[in-house]
Structure formats: C-alpha cells, structure tokens
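When the chains are written out, they are named A, B, C and D in that same order, and each has its own residue count from 1.
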Amino acid sequence: MDKKEKLRALVEGRVFTGIIQFLILFSAIVYLFESDRRHLEVDPYRTYFIVLEVMFLALFSIEYLLRVYIEPRKQDFIFSFYGIVDLIAILPSLLVVPGFRVLRILRFLRVFRLFKATRFILAVDQLGAALRQIHRELFALLILSLMLVYLSACGIHYFERDVQPEKFGSILDSMWWAVVTLTTVGYGDAFPITPGGKFFTAFVTLVGVGLIAIPSGLLASVLTQARVEDDQREADAPEDNK
Amino acid sequence: MDKKEKLRALVEGRVFTGIIQFLILFSAIVYLFESDRRHLEVDPYRTYFIVLEVMFLALFSIEYLLRVYIEPRKQDFIFSFYGIVDLIAILPSLLVVPGFRVLRILRFLRVFRLFKATRFILAVDQLGAALRQIHRELFALLILSLMLVYLSACGIHYFERDVQPEKFGSILDSMWWAVVTLTTVGYGDAFPITPGGKFFTAFVTLVGVGLIAIPSGLLASVLTQARVEDDQREADAPEDNK
Amino acid sequence: MDKKEKLRALVEGRVFTGIIQFLILFSAIVYLFESDRRHLEVDPYRTYFIVLEVMFLALFSIEYLLRVYIEPRKQDFIFSFYGIVDLIAILPSLLVVPGFRVLRILRFLRVFRLFKATRFILAVDQLGAALRQIHRELFALLILSLMLVYLSACGIHYFERDVQPEKFGSILDSMWWAVVTLTTVGYGDAFPITPGGKFFTAFVTLVGVGLIAIPSGLLASVLTQARVEDDQREADAPEDNK
Amino acid sequence: MDKKEKLRALVEGRVFTGIIQFLILFSAIVYLFESDRRHLEVDPYRTYFIVLEVMFLALFSIEYLLRVYIEPRKQDFIFSFYGIVDLIAILPSLLVVPGFRVLRILRFLRVFRLFKATRFILAVDQLGAALRQIHRELFALLILSLMLVYLSACGIHYFERDVQPEKFGSILDSMWWAVVTLTTVGYGDAFPITPGGKFFTAFVTLVGVGLIAIPSGLLASVLTQARVEDDQREADAPEDNK
C-alpha cells in the first residue's frame, strides 16, 4: 500500500507528467510525417517508424498499466473518459507487430493520443465548465444554425439549380455552399451567378452570418464572467477570514 | 368537453410532440433527396416519394385538424403564425394527387415544414426576446450596413468599371462584390485589380468589416445579460420568501 | 417670425422628413441604374435620367434654401456637417444643364446624397457616441492593425518574392495579400505556396485575425453598456422622484 | 548634470518624439518602395535609397546614443526591450557603406524600426496589460486551437488523400487547409471534394470556427472591463478626497 502511494505520487508528479506530455507531442509529430506516403514507402524511414511505434506501444502500455494499478477502484478508471482514451491510444501500435496492412486501418486511431493531452490542460476544464453553463443556448443555436443552413440551401437550390446543376442540383449539394458561405469561409468553389441567387445570398449572409457567430461571443462572455467571479471570490475571501 | 381536454393533453404531450418533430425532420430529409433531379426521374424512387408525400399529407392534416379542434377559440389558432405555417406545410402534399406538374411549383413550400419545428425550440423564444430588446439598434445597424454596402459599391465601381466592366460595370453589380467582401465571405469571383481599387478595398474592409460584425456581438451580450438576470432572480427568490 | 416658426415646424415635421427620405432613397436607386453604361447610352433612358436629375436639383435646392431660411444663425447651418453635405448633394445635378461631359465627373458626388439620410437615423448618433467613447482604443487598434498589415507583408514578401514575384514582388503588393488575409476575406487571388510562406501565414492568421476583430467586440460591448446605463437611469428615475 | 537633465527633457519632449515618429514612418515607407526590385535596379533610385539609408543610420544612431547618454543606469536601457530594438533598427543601415550584397541580407531587419514606434503608442501598454491578464486563457485556447487544427487535418487527410493527394497527401499539407478554413480565410486553393470530406468540413467549421474566434471576444471584454474600472476609479476618487 505504501509502495502504491509512492507510485501514485510519482505518476501524478511533474516528471512523469512531463514525460507523457512530451511522448504525446512526439507521437503526434511522428504521425505527421508518417502520414506522408512518400516517406512511408521509402525504406529507411519505414523501419524508423516501426521502431518508434513499438516504443510508443511499450511506453503508453506501461503508463496505462500504472494508471490502472494505482487506482483503488480499477473499473472507475478503465471505464472513465481518459481510461478509454488511453486504451484506444495504445491500439494502433499494438497491431504494428503482426502485419503492415492492419496498421494502415488503425493508423487513424493515433489521433486519440492527442486527447490524452487534454488531461493536462487546465483550460479544457474551464472551457468545459463554460460550455456546460450555456449548453442549452448552444444546443438551440446549433439547431437554428442547421435550420438556417437547410433553408439557405433550399433557397439557393431554387435560384441556381437550372444554371449550375452540377453545384446546386440538389439541396444536399447546396448545403455545402450554405455551410461554406454562412461560416464566411467562402472557398469560391460554389457561388451564385443568377441575379436572384446573388440577391438571396446577400440577404442570407447579411442576416445569417451573425447567427453563426453568436456562440463564440457567448463563450467569450461566459469565460469573462467566470474570471470576474473568481476575482471577486478572491477579493471577498480575506474579509471572510476576519 | 372532457374528451377535448384529454385530446389537448395528448396533443401537447411528449409522445405526440415527439412524433411530429420526427415527421418534420423526416419530411425535411425526404425533400433533401427528392430535390435531386437524378432521383426524381428514376422510376422506383418517384413512386416512393409520392407515397411518402401522401403519408405526410395525411399525418400533417390530422395534426392540423386536431390543433384546430382542441383550440377553444378556433380563429385565434387559424390566423396565428403557427396556424398559417401548419396550413402552408400541408399545401405542397395536398396537390400531389391531381398532377405532377403542379407539385413542382409547390415543392418549395415544403421548407415551411421546418418552421413548424421552431414551435418546439425554446431558444427561438429566447433569441426572439433578445432580438426584440435590441430591435432598434439592429434596425439602425442594418440601415448603416446597407448604406456601407451601397457606398462601397459606388467606390469600387469608380475604380474598377473601366478595367473589369463585366464585374464592376454598374453599382448594382458592384454591390454583389460589396456584400461578399464586407461579410468576409470572399468567394474570389470578383475582386479589385487596380491599385486604386485595392487601396479602397483595404480601407473599406479594415473599417467596415467591424460594422457588419457588431449585431452578433450585441446579441451575444444581450443573451449573456438575460442569463445573469435569470440567475439573480433565482438567487434573490429565496430571500424574498423569508 | 411667426411664418418662419411655422415653416421650421413643417421642415422638421414628419411629412417633410418622409418626403426627403424618400427622395434620397429614390435618387440612390436612380443612380444605381444610371451607373450602368448600357442604360445610359440607350436613348429613352438617357432622357428620363436627365429629367430626374433636374427634378432632384429642384427639390434638393428648395430643401437646402428652406433649411438655410429657417435657421436663425445661417452660417451655423451652412458650415455645419449637414449643411455642407446638403450643398454637395445638389452639385451633381446643378451641372446637368450645360453639358453631359461635366456630369460624368460630378456623378460620383451623388453618393453624398446618402449621407443626407444619416441625419434621420438615430443609431448614427448612438454609434457616434460609442465611437467617441472608445476613440482612443480604436485609434490605437487601427495603428496596431496597420503595423500588423505592414509586418505581415514584410514577412510574406521575404518568403514568396522569388516564387511569385508578380504577387509578392514588393511589400506594397504583399500588403494587399495581408489586408485580404487578416480581414479573413480571402479572395484567393494571392496566397503563399512555399512551405515557409504557409507556416508564416498560419502563424500570422492564428495570432493576428483576433486583433482585427477586437474593435467590433469593443463597440458591441460599449453599445450594450450604454443600453444597461439607459435602463438603470429609467429604473432609478422614479425613486428619485419620491 | 544640469545639461543632462535638459537633454532628457528634450528627448522625452514633444518635438523630438514627433521627429522620431516621422522618421520611423518615413523609413517604413522608403522600405516599402525599396523592396520592389524594379525600383532597386534602376540607377537613379538606387542612389537615392543609399543616401536615405545613410541618413537613417546617422539619425537613428544619434537617437540611440542620446538615449544611452541620458539614462543614469546605462545597462538598464541597453538591455531593455526598446534598447535592443533601437540597436537592431540601426544595424541594416550600418552595413550600407561597405557593400551592397550584405545589405540585402540585413534589409529585413528594417521592419524592427516599426517596433520602435510601439514605444509611443499608449494602446500597446493597454493591450499588453489585457493580454497579461488573460494570458492563461489565451495560452490554453492557443493549445486547443492547435489541437483542433491538427485533428481537423487528420480528418480531412483521411477523406481526401486518395482523391487529392497533391493537396491532402500528408497531415502537414492538410494542416494548411485546416488553418485557412478554421480562420475562415478560405483562399480556395484547397477544399474537400468528396462527400465525406465535405460533411467533415461542415462539422468542423460549424463547431470549430467559434473556438478560434473566442480570444478576440475575450480581449474585447477585458478591454471594456478595464475601461469600466478606470471610469469607476475616476468617479470614486473625489469621494476619497473628501
């Protein structure tokens, strides 16, 4: 029990945390280069990547087992968010040994390693709390945004389907335009060319662009408010002690 | 009377509401695929779509009649916003029977079915209240935005009309550029190429982009304020009870 | 004197104001179509436009003279912002009579008619007050934005000048890219293609886009605050009366 | 000592500050034109530029020496932020004399002259204070933004790598798309064309665009709050004096 406590202190300590953070970052960067097929097919690189994957498998497995071991109620960790993320993060490397084919399918699970890192970011908790506080508003705004996307797509489909059938031939195709326009990304791969379509777009963007941007403003407001309340609590605390 | 009350409880109850919400969503998705001409012309699909439309007609008609029936003052519902929306939402299917031609014209009325759904979204009320609270500011900002669009169009027309007459040949054509630029969508189908036009665009965007973005910030502020006031009311309520 | 007072009441009354507002809007729409060369060269239209211009000249001249007449201290109005705008708004039509050539040069002054309309928009005062309240912040953010544009242009010029000399060959050319990118318009006429240029752009946009968007958030905040203060004043007022 | 005090008053006075501000602006504009190779190679211009550089060298050197001289604790200024910026700002001109080749390498250091100007902008202090106040939130949001960019790149790489290998062939290439899309710049040089990629993009932009925009809203909130606190301090101050 005493040994377990020491281990727990070690695992939750700075050094161990730092090493894991570095490993996550390192594996993300390795994946960055491994994803490039030109690197993957060249022979010396391929060997390096396999060696690195085996190393990540070993280290993240040890970390996972340690985290299970130090937890008094094992199933609580295993079935928790981070317990599952940690397990999925091992999977892609786990299958590096038998064959190369299987690896390619699991390769994409490696992005889960990045989710491991959120454990160490305090702001994730803050942002999570802010999101939870306004989750009803955000859900409603999401529904309204989706409705706006759908209705905009219906409108532009009506105006442009005859002139540009390959881009606005169906509402589903038009929804791609609606998302790209209302988020103001505006790639320029699809845009109205008829006067009616242009007028409709002008109307929809001038009115609708604001709707899509509200959640960001709400989150900023809630985060600021949380700061103010924290400051007040700190300012009030000494008075309470008197 | 007792039967009517039971029906009213049923119509306003969870099960009925859930079925209607599902039907609205389902009809919106059906419309999504029906709008694609490739699907519409292929024979098996065409039959399916007609069957579905007849079903929507039947179900939404029953819903409409139920809503009229349970309402004590019938004309209040019939001429209310949702009463009219519900009626228009039936129309497109109503005309599926006689001929295919007429259907195509009414097809676009089907988007009104989506407006039926806003009845069930609480946020629509919240957003509506927020909009009403700042409707004067929003109206004024809209006027200013339209003026900005017009003046920007006049300016770019002056600089670019000789070099790109097909895009900036008239102020009306230039207004398309102004909307696409000031909302920061920026498709890239029309942009200045003369030094004067580029300088004018730089000036207009650096100053004007902010104006178009103000309503979104205002709405976020008002929604946050409404939340704070709600929280305070809840916090104050127990004190009042003492 | 009594007659003058009556005239003043008339000029500042609803009917007169409505007529002027309509005339401004009408002349703006006429200019919209007149700016299209295709309309201007066709003969019947040309005559209509000249007739309309003569009408605008007559009506806006009468309005200007009335406003000068009713003002007790004439020079105060003549040299005020709206006095000058009203005078400039007459100029383009004033020169319709002698020749067509001169008209084309003065044609662009017609946009000043739109500024006449701001007199009737309450929000212009509100926005003006908000702008004045944070004019120091806005001025500073403008300087910083210009510096960001300049520095971004220097950076991208360094990375892209050899590969795309026609677009990033000088800092002045690169500044066009910087404005289009930092305002997130992103036409797509100029973008980096070298890895260094892309990395630099990623850095500059992730950090810099926020700076350009601050003024809009500031204005929204100040306008909201002004609303809150107005509400409080209204709420406090009855208490003061007790 | 008395002479030194007079010099200090002179250097920190309006006239001297104005001259330096003008010189910084002037040298930035000169650099603007000098960066254009077409100007640099033409002979009369080349001579003008060298003359101007020698002048900038002389004047900024005098300014630097004056600033060192008037400072009681010289090392404090020399190793301060502005001390180093002022020194680097001289370097590019310093090397104009021996040869032209070396100049071209140092030319880019001239942008540091612009940083000299931030000394005179009050808002830099304000913005700096605001940034410092929310530096933890900003750092966390930056990390989350980078994670979002990375994860979006992984996702789009999965959907588009087979169809557009030249644009989404590796995660690194896809990250360029992710930055351009999530900042809503949207050049249009890279966008998804597969249904899966489009659906993924719609999901990522509708959810992720807000995250990137939060810092700007936070900064606007903090700046507004700073204004309110300043106003309150001013309003409270007279009461304290009583």
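Operating definition for what follows: a residue touches a chain if its C-beta (ideal position, glycine included) is under 8 Å from a C-beta of that chain, and two chains touch if they have at least 3 such contacts.
The structure displayed is predicted, hence computed values, not measured ones.
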Interface repeat test, C-D vs A-D, A-C or B-D, passes over-half contact pair overlap for A-D
Report the chain whose mean Cα position is at the greatest distance from that of subunit B. D
Self-contact between copies subunit A and subunit B, residue sets same or different by half: different
Whole-angstrom distance, CA centroid of subunit A to CA centroid of subunit C, is 41
Between the Cα centroids of subunit B and subunit C the separation in whole angstrom comes to 29
Which positions in subunit C touch two or more other chains at once? 184-188, 213, 216-217, 220-221
Classify the inter-chain contact topology: is it line, ring, star, complete, or other? complete
Complex contact set, residues of subunit C against subunit D: 134, 136-137, 139-141, 143-144, 147, 150-151, 154, 157-158, 161, 165, 169-173, 181, 184-188, 191, 198, 201-202, 205-206, 209-211, 213-214, 216-218, 220-222, 225
Contact residues on subunit D for subunit C in the complex? 28, 31-33, 35-39, 108, 111, 114, 117-118, 121-124, 126-127, 142, 145, 149, 175-176, 179-180, 183-189, 212-213, 215-217, 219-221, 223-224, 227-228
Which residues of subunit B touch subunit D once you look at their complex with the stated criterion? 184-188, 217, 220
